[in-house]
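Lettered A, B, C and D in written order, each chain numbered from 1.
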Amino acid sequence: MTEIRIQQADFEPGAEIAALEDSGGAAGAIATFIGMVRGDGGLISMTLDHYAGMCESEIAAHAMEARKRWPILALRIVHRTGKLAPGDRIVFVGVASAHRQAAFQAAEFLMDYLKTRAPFWKLEQRAGEETWVSARNEDDASIRRWQ
Amino acid sequence: MTEIRIQQADFEPGAEIAALEDSGGAAGAIATFIGMVRGDGGLISMTLDHYAGMCESEIAAHAMEARKRWPILALRIVHRTGKLAPGDRIVFVGVASAHRQAAFQAAEFLMDYLKTRAPFWKLEQRAGEETWVSARNEDDASIRRWQ
Amino acid sequence: MKLLYFAWVRQKIGKPEEQLDMPPSVTTVSTLVDFLRQRGRGYEEAFRNPALVRVAVNQQHTDFNAVLRPGDEVAFFPPVTGG
Amino acid sequence: MKLLYFAWVRQKIGKPEEQLDMPPSVTTVSTLVDFLRQRGRGYEEAFRNPALVRVAVNQQHTDFNAVLRPGDEVAFFPPVTGG
């Protein structure tokens, strides 16, 4: 089971994990990741723009790539968009597998993709200014290690 | 904040994550792992024996080692003992950090330790027989990579 | 042709999307950009340095040489930053 | 001296722990094992192949050469398997 949701609403980590746990009984391992807005450098809020449709299908393609690389029993990705404040949740990635290495590696692979290559754009609001975050170096080491 | 609990009772992943999220606002990343009993090979139940006192202090020492290696904001380890059935939760590890790499790596480091070196012993019950699980090769590659 | 704009491209052009009938001169992304730049100051600003703008046609990343057909969905945006 | 037994060591000896007064011959883990093996069949079985048994003194992993003092907590168990 693969579930991918892009939504403005918050999500409940416990409910996402419960859905992964219900994935059949063969799971021995669930690795999850929750990303939150950091209040660094006077950040007041962050607004996430995304390309609806393309965003879901690109994330789905990477979820399929993860399933090719590791034996995954269930996989859930929830990504929020819109205006978020420091401390707000941004993203949930959860992977259920028989063994811990596969679960951890697939979750890291998906997070590295989501944080560097997924079609989102970030507008940061600080006192008196708004800045669109620049793309990182596209050769970001965190994503390159999977290639 | 470091919390380590060895207990017979089940735990609630959502509550453990909520405690990690409350860790101050600097956290941008929470990596968690939940281990569950797999019903492989006709397993009916698994009983976990542990050395109370020594077990907690050894796990605490490894939690401190993780804090030395990575910038950790909060860390929670819950490990169950006693008789567990397939599908039951065994262990929760959760790490909050500013960045995802530190959170993932510390969680993996702690899980590799818990699964190979922590002072637990496993008795597996199958139809008509009980078997104490043998120690793995002490040079297990998953733990060796951190040395 | 359906056009979509994201992030600062959207802010400069002042709208998230629009439906436009193209003149015969528009056959590629590059000629579409030339056409858009003549539509007003916001477009001119958005495409002043085309090297800063990425394009997707029918939700596939491509480049300014891509050939366009009637009914295509063309999106312009800065390099993606991830979530 | 407080003795603790875990896993199959506990099962063979038939109890999880006990408090014993040691004869003067017991000065190390090794001489403690010799003493215990004479206490009955379960002990004899538990320590038949001492290479299979690990020991901790006062909750610190050590080996059979470790010197013992009155009041020490000595635990015998198989190699740990992790959780």
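We take it that a residue touches a chain if its C-beta (ideal position, glycine included) is under 8 Å from a C-beta of that chain, and two chains touch if they have at least 3 such contacts.
All values reported here derive from a predicted model rather than from experimental measurement.
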(message) Farthest chain from subunit B, going by mean C-alpha coordinates, please.
(response) C
(message) I'd like the Å distance between the centres of subunit B and subunit D, where a centre is the mean of that chain's Cα atoms.
(response) 27
(message) What's the distance between the Cα centroids of subunit C and subunit D, rounded to whole Å?
(response) 77
(request) Could you tell me the distance, in whole angstrom, between the mean C-alpha positions of subunit A and subunit B? (result) 23
(message) For subunit B versus subunit C, what separation do you get between their C-alpha means, in angstrom?
(response) 50
(request) Please list all residues of subunit A that touch 2 or more other chains. (result) 35, 115
(message) Dump the list of chain pairs that touch, please.
(response) A-B, A-C, B-D
(message) Show me the residue ranges of subunit A that touch subunit C in the complex, using the header's touch definition.
(response) 35, 48-51, 53-54, 57, 79, 90-91, 113-123, 132-136, 138
(message) Under the stated contact criterion, what part of subunit C meets subunit A in this complex?
(response) 4, 6-8, 10, 56, 59, 75, 77-83
(request) Write out the stretch or stretches of subunit A touching subunit B in their complex. (result) 12-15, 17-18, 21, 25-39, 86-87, 89, 98, 100-101, 103-104, 107-108, 111, 115, 142
